[in-house]
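I'd like to ask you about the structure that follows.
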Amino acid sequence: MDINLQALFAQLLVGLINGSFYALLSLGLAVIFGMLNIINFAHGALYMMGAFCAYFLLNVLGIGYWYALIIAPIVVGLFGILLERTMLQWLSGLDHLYGLLLTFGLGLIIQGVFQNYFGSSGLPYAIPEELRGGINLGFMFLPVYRGWVVVFSLAVCLLTWFLIERTQLGAYLRAATENPTLVRAFGINVPRMITLTYGLGVGLAALAGVLSAPINQVRPLMGADLIIVVFAVVVIGGMGSIMGSIITGFALGIIEGLTKYFYPEASNTVVFVLMVLVLLIKPAGLTGRTA
Amino acid sequence: MRAKLMAGLLSTVAALTLAGAAMADDKVVKIGALSDQSSLYADVGGPGSTLAAQMAAEDSGLIAKGWKIEVISGDHQNKPDIGSNIARQWLDIDKVDVIVDVPNSGVALAVNNIVKEKNAVYLNSGAASSDLTNAQCSPNTVHWTYDTYMLAHGTGGALVKAGGDTWYFLTADYAFGAALERDTTAVINASGGRVVGGVKHPLNTSDFSSFLLQAQASKAKIIGLANAGGDTTNSIKQASEFGIVAGGQKLAALLLFISDVHALGLNVAQGLNFTETFYWDTNDQTRAFAKRFSERMKNKQMPTMVHAGVYAALVHYFKTLDQMGGNSRDGAKIVEKMKSMPTDDPLFGKGEIQPNGRAIHPAYLFEVKKPSESKGPWDYYKLVATIPADQAFTPLADSKCALLKK
Amino acid sequence: MTSITENAMPVGRRAIRDEMIAFGIMTAVLMALPFTGVYPFFVMQGLCFALLACAFNLLIGYGGLLSFGHAMFLGTAGYVTGHALKVWGLPPELGIIAGTAAAAALGVLTGLIAIRRQGIYFAMITLALAQLMYFVYLQAPFTHGEDGIQGIPQGHLFGFINLSNPTTLYFVVLAGFLFGFLIIYRAINSPFGEVLKAIRENEPRAISLGYRTDHYKLLAFVLSATLAGFAGSLKVFVAQNASLTDVHWTMSGEIVLMTLVGGLGTVFGPVVGAFVIIAMQQYLAGFGQWVTVIQGAIFVICVLTFRRGVVGEIAHYFKRSL
């Protein structure tokens, strides 16, 4: 096969865009896992809700994309907080698997309700005026919006990392993960922190949803298949560090992009194959602690 | 728990058997509209197909002649298991005479086998698989509306004639996509065109950008989308993002329904080429049908070609029953009679049913209008070419159907 | 921390006696069913899923391993059996053996990978592996992608038992179910089962006692996969098709749901759960996607208030082992 360098660069860039979504979603999963010790199976459904939220803001209330970037994560985040307060909190102390089963059920409910009202074919969401068109980079035609997605999600990921690893609040968070009883003894309201963390993780998923709305059709099942890939990303990266999940997310996007160029038929499976390889060589994941 | 469950089951069965016993009359017909009621194909078939079946029953004139016609519907959820369970139960217990619609090739082929085994009638309108009248044809089956062969030949042949002689394929990597690509390639080569390349993408891909970049780089005049449903709409949407149509390349969606165009919006869908066998705004009769249809739909949508096919196939079925003077409940015999009579209905016009069960009628190559050309809601298509009935579907000589080798 | 199975198992003679009585009742009811006019296809389908749920339960209920990918064994066996019967023209018994063996082989491969991690990681890995298999089957030519393998001939078992007769088929499926059920029952009451339970309760302790826990976990995984495959092979004769539905992740979710509803770690729970869910799908089919919502709601309710499941609650109430 003759390797066309220009096309290769283009695929790398495209891979980076997909990586942004993987990074945002696996970051949200990692944040939630860190505090609540559960794998949020409803993550895909909440991502989808973010996209729908943007759709409603535009089509019902006439509120555009830029506000949706702020409002949708807050609305869906509040919904997440509601879920945590009414259901998830009752599972603390039980086997972690119950958290997985509960969020799986929640995901089914959310998806099913949206499917009933909006069918499966999806609704269109236009790219905001300011980000239309594209730049000719010489080796490819880069739609402005795609470039924006990479830059913006990278910024959000780094901000989250900074918040958790480099601030006072983050320090409490990390401490509460290690030893909730001790942190409580310092007079910090640990349950509230847990709730807020879940809201934050869910908000990140919703943000990814808003970002993807103009690229993909807004449809009820948009998160269902994506989330399984993100699970594999999480297994590969391990959930030990925030930075680990960000880097793994972007890296896998790029690898997937390369696969799409060299062997497109395998582009759906490459992440899973990588997961198998990583598990065989380094069972704890690339950056993870053993669970 | 178990005992209670079984008691519940028993009472249901008893009730169903009673209902069965009450229908001994030979002027009774029960139609089962089996479709995807809530998911991928719900707008293509779904509740609209049930409505189309009801309208066909009302318009048949049989009710005035003392017939009793009942239409029931079921949701196969795109699962062959659930679909064949419903079909089996309908034919075994509910005394359904004819099953209509059934989109999704997997479910359609599963139902095909059951209907044959139980000697009922199967009027498929929703499925794309040309196998239904080819390798897996059945004496109990009539396939109306469209199939992969017709989609490939309609779009491929007409576009090459119109000057689109270099093609690049985006193909969904499974049987359906492969069949579409293979059939279209054959017709492109036969019409003097050339396929310069193609890429297979996995089913249900959300991101097409890298495939579209490759298509763009190929400089082919036509990018053929050999995929379906969400894959097609997503690739069309992203193609507009990458400025593919603006850059002078044309998109040809090999399978697209008017409900997809509606969902995409004209801004994104404009300039698309594809083949359908029915468009509501074709003549006075189709417009009248569409008006009555959309008034009764919950979401006021216009009929798709699948809905029209359900209606037309049933119109012909009722005509046949009327000629036979009663419902003999011998599916193969009824279908044989259907094949012996020429078809003529307000939606597809004059045609016939071939011995392999394929209903043939003209097909049309459409192009989606620009937003500026559209005069109102659902005014989406302009006609590019008409493919006569005898050229639109698989020639009988090429059919591998066992029914032809008598 | 409580373990995933709250259905603590009293061992001893009384437990065995209770289970034997329950087994007798179950067998008698199932034997009598075809003569009551119940639609046999429904019950046969229920039996296949019941066996599948029992196989799944062996892992979660006794090994503490939540597999979110059991559909891959069901589907693999289905495809192989279907292909063997239809294309190779093998007789039913060889078709079943081929399908079950394929599932067992897949069980060994995936088991070696999956048991490297525990808890939620195990669940995520099995889910990802199942998704990998889904894509493989989607593209493999012999599965016919979305169309599935259709019109699979039922044939004559051992050359003389005609499986296209619904009543005959029913008793063959019932025999298959009881056979699989008894294997599982035997396994959980053997020393092997005891070690498995010990690993579930406290793996480091089991290791310190000298057990090579990975061997036990792998063996349990392969046994579970094999029996899930056996259920998949039987199902081919009932449904006469093999399709992608059986390898999709929603199927894996349904298997979990059946077992959860019936009672994780109970002997009869998965059987009851399977029939409840199958009946629900059958009779609520008219509600379309609301079935998904209802299933989700059942998940939530079970986890929040009803963790023992139907049979688990009954057993707990009467302080019996079921």
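Chains: A, B and C, in written order; residue numbering restarts at 1 for each.
Heads up, the rule we're going with is that a contact is a pair of C-beta atoms (placed from the backbone, for glycine too) under 8 Å apart; a residue touches a chain by one contact, two chains touch by 3 or more.
Keep in mind that this is a model prediction, so the values were computed, not measured.
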{"item": "Chains contacting each of subunit A and subunit B, listed by label", "value": "C"}
{"item": "Chain whose Cα centroid lies at the greatest distance from that of subunit C", "value": "B"}
{"item": "Cα-centroid distance, subunit B relative to subunit C, in whole angstrom", "value": "36"}
{"item": "Centre distance in Å when subunit A and subunit C are each reduced to the mean of their C-alpha atoms", "value": "32"}
{"item": "Touching two or more other chains - residues of subunit A", "value": "115-116, 265, 268-269"}
{"item": "Of all residues in subunit B, the ones touching two or more other chains", "value": "38-39, 173, 202"}
{"item": "Junction residues of subunit C - those touching two or more other chains", "value": "135, 139, 288-289, 291"}
{"item": "Of all residues in subunit A, those that touch subunit B in their complex", "value": "4, 7, 10-11, 14-15, 17-18, 115-116, 119-124, 126-127, 133-134, 140-141, 143, 145-146, 212, 215-217, 219, 222, 225-226, 257, 260-261, 264-265, 267-269"}
{"item": "Footprint of subunit C on subunit B - complex, ascending", "value": "1-3, 5-6, 8-10, 12-14, 17, 37-39, 74-75, 77, 79-82, 84-86, 88-89, 92-93, 104-106, 109-110, 112-113, 129, 131, 136, 173-176, 202-203"}
{"item": "Subunit A contact footprint on subunit C (complex, rising order)", "value": "1-4, 66, 113, 116-121, 123-125, 127-129, 131-132, 135-136, 139, 249, 253, 256, 260, 288-293, 295-300, 302-304, 307"}
{"item": "Subunit C - residues contacting subunit B, complex", "value": "26, 29, 33, 36-39, 41-42, 45, 135, 138-139, 141, 144-148, 150-151, 239-241, 243-246, 272, 275-276, 279, 281-283, 285-289, 291, 310, 314"}
{"item": "Residues of subunit B that touch subunit A when the two form their complex", "value": "38-40, 42-43, 173, 199-202, 204-207, 209-211, 213-214, 216-217, 229-230, 233-234, 237-238, 241-243, 259-260, 263-265, 267-268"}
